[in-house]
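Below, subunit A partners subunit B and then partners subunit C, in two separate complexes.
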Partner chain A sequence: MRKQALSGILGVLAAFAIGALVLALQGFNPVATYGALLQYSLFSGSGFTATLTRAVPLILTGLSASIAFASGPVNLGQPGQLVMGALGATLVGLFVHLPSVFLVPLCILASLLGGALWSGLAALLKRAFAMDEFIVTLMLNFIADYFALWVITYPLFDPSASTPMTRPISTAAWLPDLGGVNTSVLFMVLAAVVCWLIMSRGRSGYEWRMTGQNSLFARIGGCKVDANYVRVMLVTGALAGLAGGLMIMGGPHRFVKGLGANYAWDGIMIAVVASNGISGTFLYGLLFSALQQGAIGMELVTAVPSEFIDVLQAVIVLVVVAGRVSLNMVFDRLATRRKLKENTR
Partner chain B sequence: MNVLFGLVSAMVVGATPILLAAIGGTFTFYAGIFNIAMEGMMLVGAFCAVLGSFFLHSWFLGILCAVAGALVMAGIFILFAVKLHTDEFLTGIALNLFAVGLTTFLLRDIFHVKGAFTDAGIRAIPAVKLPLISGIPYLGSLLSGYNLIIYVAVLVTVLSAFVIFRTRFGLRLRGAGYNAACLSSSGVPASTIRIWSLIICAVCCGLAGAYLSLGYVRLFAENMSAGRGWISLAAVILVSGNPWGIGVISLLFGFFDGLTVFLQGGRIPTQFTAMIPYVATLVSLYLYSVRKKRRQA
Partner chain C sequence: MARDVLIDLQHITKVFPPDTVALSDVSVSFEAGEIHALVGENGAGKSTLMKVFYGLERRDAGDIFFRGAKVEFRTPREAIAAGIGMVHQEILLIPEYTVWQNIVLGAEPVRAFGIIDVDRAREVVRQKIEEFQFNLDPDALVGDISVAARQKVEILKLLYRNVSVLVLDEPTAVLTPQEIPQLFAELARLRDKGHTIIFISHRLDEVLTLSDRVTVMRRGKIVGTSAASELTKEDLARQMVGREVLFTSRRQPQEPGEIVFHAQGLNCSDTEHRARLHDATVEVRAGEIVGVAGVEGNGQFELVNAIMGLAPMTSGTLEVKGKDITHADILTRRTLIAFVPQDREKMGASVAASILEDAIMTHHILDPRFRTWRGLGLNYRHAAEFVDQIRDQFTVSMGHSSDPFNSLSGGNQQKVILGRELLLETPFVLMDQPTRGLDVGSIEYVHQLLLDLRSKKRAVLLVSADLDELFMVADRIVVMCQGEVVADLATDATSREEIGYYMLGGKEVAHAETGS
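Moving on, here comes the complex of A and B:
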């Protein structure tokens, strides 16, 4: 754990250094750029709350990917599952009229189901026809994207809008802001705590992790590997779906064209840098959210295009992941040397 | 007859980028690398092609730039996955993300546009009229007049089948995937073979990218590879790397891609026709699994 934190911090710092080099080569001032980045994401009231709200889909899709990768299934379908979850919440929000107390949970349920439906489809294809979920979930992403685009262009199109989008959902389903922070953050934190409990304290989480590390061992140990596979797919799909639902209920309150496109691969990216740990996913989710939020301010203050952050994020992923492997090798070598010394004495 | 010709040409046009990327992917497949970076290499290739073609006023230099860009991506893959022993899958994912980020950043930084860049100054790769064959009725219009890269792709396919199965390098390549330790102990480092396979893959993906931005259309759009790298990966896995099989599968995808264009403006909403290539991938995965099951039984 301490090793991981060390390699993570070193990696992020190294990535920032590489980013600074890129900036300097382009003729920008790295110090001013990073200053603006931090200023607009963490050290201003509105920036900080915006960072927290933005972290909701990032952390939830990150948790989805983390749990899936840690448990075996290569679920790369978070983008599609997010879209289907958002669609579920939108449908309920548009057509069901109930007071908030009932409508909010119902919308959330719909988003969970929407995501689980889409990952469940991939799980079904795997179980019934042995089709690799790795490619299936990827293809389902594209299909979900076009399907949602069709839904908001034709059946649910808002005639008063110029680009494809639905009408706003019933105001009873809107998640209010509390002190500048959207309440969707509470749901996200709750989901993260539940995930942590399941994965590190629950029996099913233990079974899933064992299956992820060695499925044969888990099978011999008495885990129902196939049933667990389906469960993991459903749970991770539901998490990504929840991200979509919360985005609708807390943000634009309607399904807008291109929703989730910016978050498409971020969840997977976060899971990868966090090496599938729950707390790591949470922290890296906050970091990436701060970067993306700060990018807007950075573009305002300095001339650096906000797309620079996309590059920086990918550099962070590469450096942290590679750094972890190399650092582990260094640590192992040190440990060996120490043991050798003890033995020769 | 004209509709048929149109469909055939649309099929060939749609098949080419997938074919090229998949041929690249098959080299790494045989070398035992789980390479999912084709998507990113193709995207960077497409961007660099426009970059080269626009600033150097030559489509040929555009192609060279595309290959160079893809090679840089391969270099990063080699550094991390082969040299530093980072997980290949993770490296691939990071590299694909890097490609999307880098190209959108540079699009904004160099061309000062968001979304897509198109300009009359971008030189497109020309179409080629085959001598002799173009004069023959029907056959001429069926085989001649395609984009240069399409003929290159056919050549690359034939060449790769020869290299993989008939040359010493091909034997070593397959050895690296089949039993890397055995190959290394016989005096040929498997890592060297893997590096070469990645370089070949990058060249193919660079060509595919150049075709996307200078042949298929004449512009660069954000994320314009649109999952073609993933489809080519599916194609490689489906036929377990056989170049001839990849040719057939690519044509099949090209057919569905062409169908997408043909069905546009019809009764079916474009959103559904746009799904066709991805649904086709799922269907072919299904057929593959059924065939595999029957073979096992």
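Moving on, here comes the complex of A and C:
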């Protein structure tokens, strides 16, 4: 755990150093660029709240991928599950008319179900026909994408709009801002806490982790690995669905074409960097969100294009993941040298 | 008689990261034309030392001299070119190729344009077989010949490459008692022709029969080298373990109780519909240890899988304590069966998990004390106490319960698994090779544990490839051959030779009726 934190911090710092080198080579001032990045993501009121809001889908899809990968199923369907969750929340928000107290939970529930439906479909195909969820979830992403596009282009098209989008959902389903922070952040934090409890304190989390590490061991130990597989798929689908629902309810309040296009893939990336840990996913989610948010400001004040952030993110992923292994090797080599010295003494 | 020093290993040190000292300042020399046994418990460093010599492992310090010159083999290929060959524990041949094809593979005699000279290759192999009197058919498919014959092919493969030094890593581990003398005769013949043989083993009788000199290793260090003729089995064991070891059974006479485990007419087939288990019937009574002997791959694996519910049976019934578990799910079986699998890393535990996580498996479902929050939560405090209980009761030497499982030595890993399974307090215990890969001290511990279970009136089924082990602890031995139970013999009324006879497919079925 402490080693993980150390390799993470060292990795991120090293990545920033490499990024600075890239900037300097292109003739930009790294200090000013990073200054603007931080200014617009963390050290201004509006920037910070925007970073938090942006972190909602990143962290939720990250948690979805982390829990799935740690438990065995290779669920790569976060993008599709997010879209289906968003669609679920949109449908309820458009057609159900209830006061906020009821409508908000109902929309949340619809988004969870939307995501779980989509991952559940993949789980069903695995159980019935032994189709690998790895490829099925990946393909379902396309189906979800175009299905949603059809829905917002034809049946739910807002005639007053020029591009495919739905009408706004009922204002009773809108998540308000509290002190500048959108309340979707609260739901995200709540979900993250629940995830941590399940994985680190729960009986199911223990079984899921053991199954992910060695499913034969778990099976022979009496765990119902098949039922657990379905549960993990449903839970991780629901998490990605929740990300979509919260994006609708906290953001544009309607399903707009291209919604969440990149967030879900970022979630998978975050899970990989965090090596499927819950708290790691949370922290890296915040970091990536800060980078993406800061990129907007950086582009405003400096001449550095916002694409630089894509480069920086990629460098972070590579350096942290590679660093984790090599740091262990360094530790090993140090330990070996120590032992050798003890021996020759 | 004094021979010339051929191989001299000086001050070899090898550390496996992070802090396992596999070899600590090891110096040993091997003489030309001798059979030199390298003995020690598992983990003593015998194989590692030879792998360092052979270029399979890097060393961290020390020098290697061969024929008086300092050498450095970076790969086995370089070692073979210098005239040194090693036969590993696992046999690595191509089953679809014939004997001669396997032997020449990688060093084929060629004609012009690189075309393999088939006739010459066959002829050279045939000559080698004759020269060393190996009794092999050069045209037989390797997939069709016995394990012992395959081992000969491995050795011939090296002789074909004209090595003068042969390193054999536990060559008898895969052989039946009948096949061992033949191997020994062949090795002795090789020595008489001037070859040097380094023979890694932990079977003391063999070492004393075969070798000229013996070097004992313990915990990565050399204990000493002596002439085999000056040693007794007890001396060797003491040097290996560092204390006296008992070789005789401490099995007290005891009347077995009622039938606890009863498997009747088990049949199962593999994916190609070949029968893997054929009408296998086994029963175990309370306070009885029944051993399952057999050459590996004769249905033991399938028997274990059938009992645990891991593979479907085509017919047959299973009963534990009068309860029919033929169609029960694994969890139901686990309430009645404690199971120690043969492969710790694949079945026994998750090596990536912590000691605690591996120690509480199954208990976390069956024991309500592991639950909190109405069964949703796992009671980690109780789990930690449970690990302490295993540690104390089964003398596990370990750090904190949150340390990774693979920070434990093999023996301690096995103790954690044994502790976990035996604390399930089930009437029936199934152990599949529980001492495989353990050192002598841990093996002794496991045997004592088995005998304790026996006196506690548990029923134990022990699958083992080690006949010594079966003769030491088992009351009865059933022998499996090609999926059938071909013999069921009371240990006190049989011999290793008789068991070996049935293992190799002796057909007459002998039943030592045990009162049923």
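One rule holds in what follows: the second predicted complex is superposed on the first by the 333 of 345 C-alpha atoms of A that agree within 3 Å, B and C clash if a C-alpha of one lies under 4 Å from a C-alpha of the other, contacts with A are read in each partner's own complex, and residues count from 1 in each chain.
One rule holds in what follows: contacts are C-beta pairs under 8 Å (C-beta built on N, C-alpha and C of every residue); 3 or more make two chains touch, one makes a residue touch a chain.
Predicted model only: the values in this text are computed from it and were never measured.
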item: Subunit B versus subunit C as contact partner of A:T171, first or second or both or neither; value: neither
item: Subunit B versus subunit C as contact partner of A:G222, first or second or both or neither; value: second
item: A:G202 touches, of subunit B and subunit C: first, second, both or neither?; value: second
item: First, second, both or neither for A:W265, with subunit B first and subunit C second; value: first
item: Contacts of A:S46 with subunit B and subunit C, given as first, second, both or neither; value: neither
item: Which of subunit B and subunit C A:T163 touches, first, second, both or neither; value: neither
item: Touched partner set for A:R333, first subunit B, second subunit C, both or neither; value: second
item: First (subunit B), second (subunit C), both or neither touched by A:A314; value: first
item: Common interface positions of subunit A, toward subunit B and toward subunit C; value: none
item: Complex interface listing, subunit B residues touching subunit A; value: 76, 80, 84-87, 90-91, 93-98, 100-102, 104-105, 107-109, 226-227, 230, 233-234, 237, 269, 271-272, 274-275, 278-279, 281-282, 285-286, 289-290, 292-293
item: Sites on subunit A touched by subunit B in the complex; value: 26, 125, 129-132, 135-136, 138-140, 142-143, 146-147, 149-150, 153-154, 265, 268-269, 272, 305, 307-315, 317-318, 321-322, 325-326
item: In the complex with subunit A, residue positions of subunit C that touch it; value: 13, 15, 17-19, 21, 24-25, 60-61, 308, 310, 330-331, 334, 339, 341, 346-353, 357, 360-362, 364-366, 370-371, 375-378, 380
item: Subunit A - residues contacting subunit C, complex; value: 197, 201-207, 209-210, 213-214, 216-224, 329, 331-333, 335-336, 338-340, 343-344
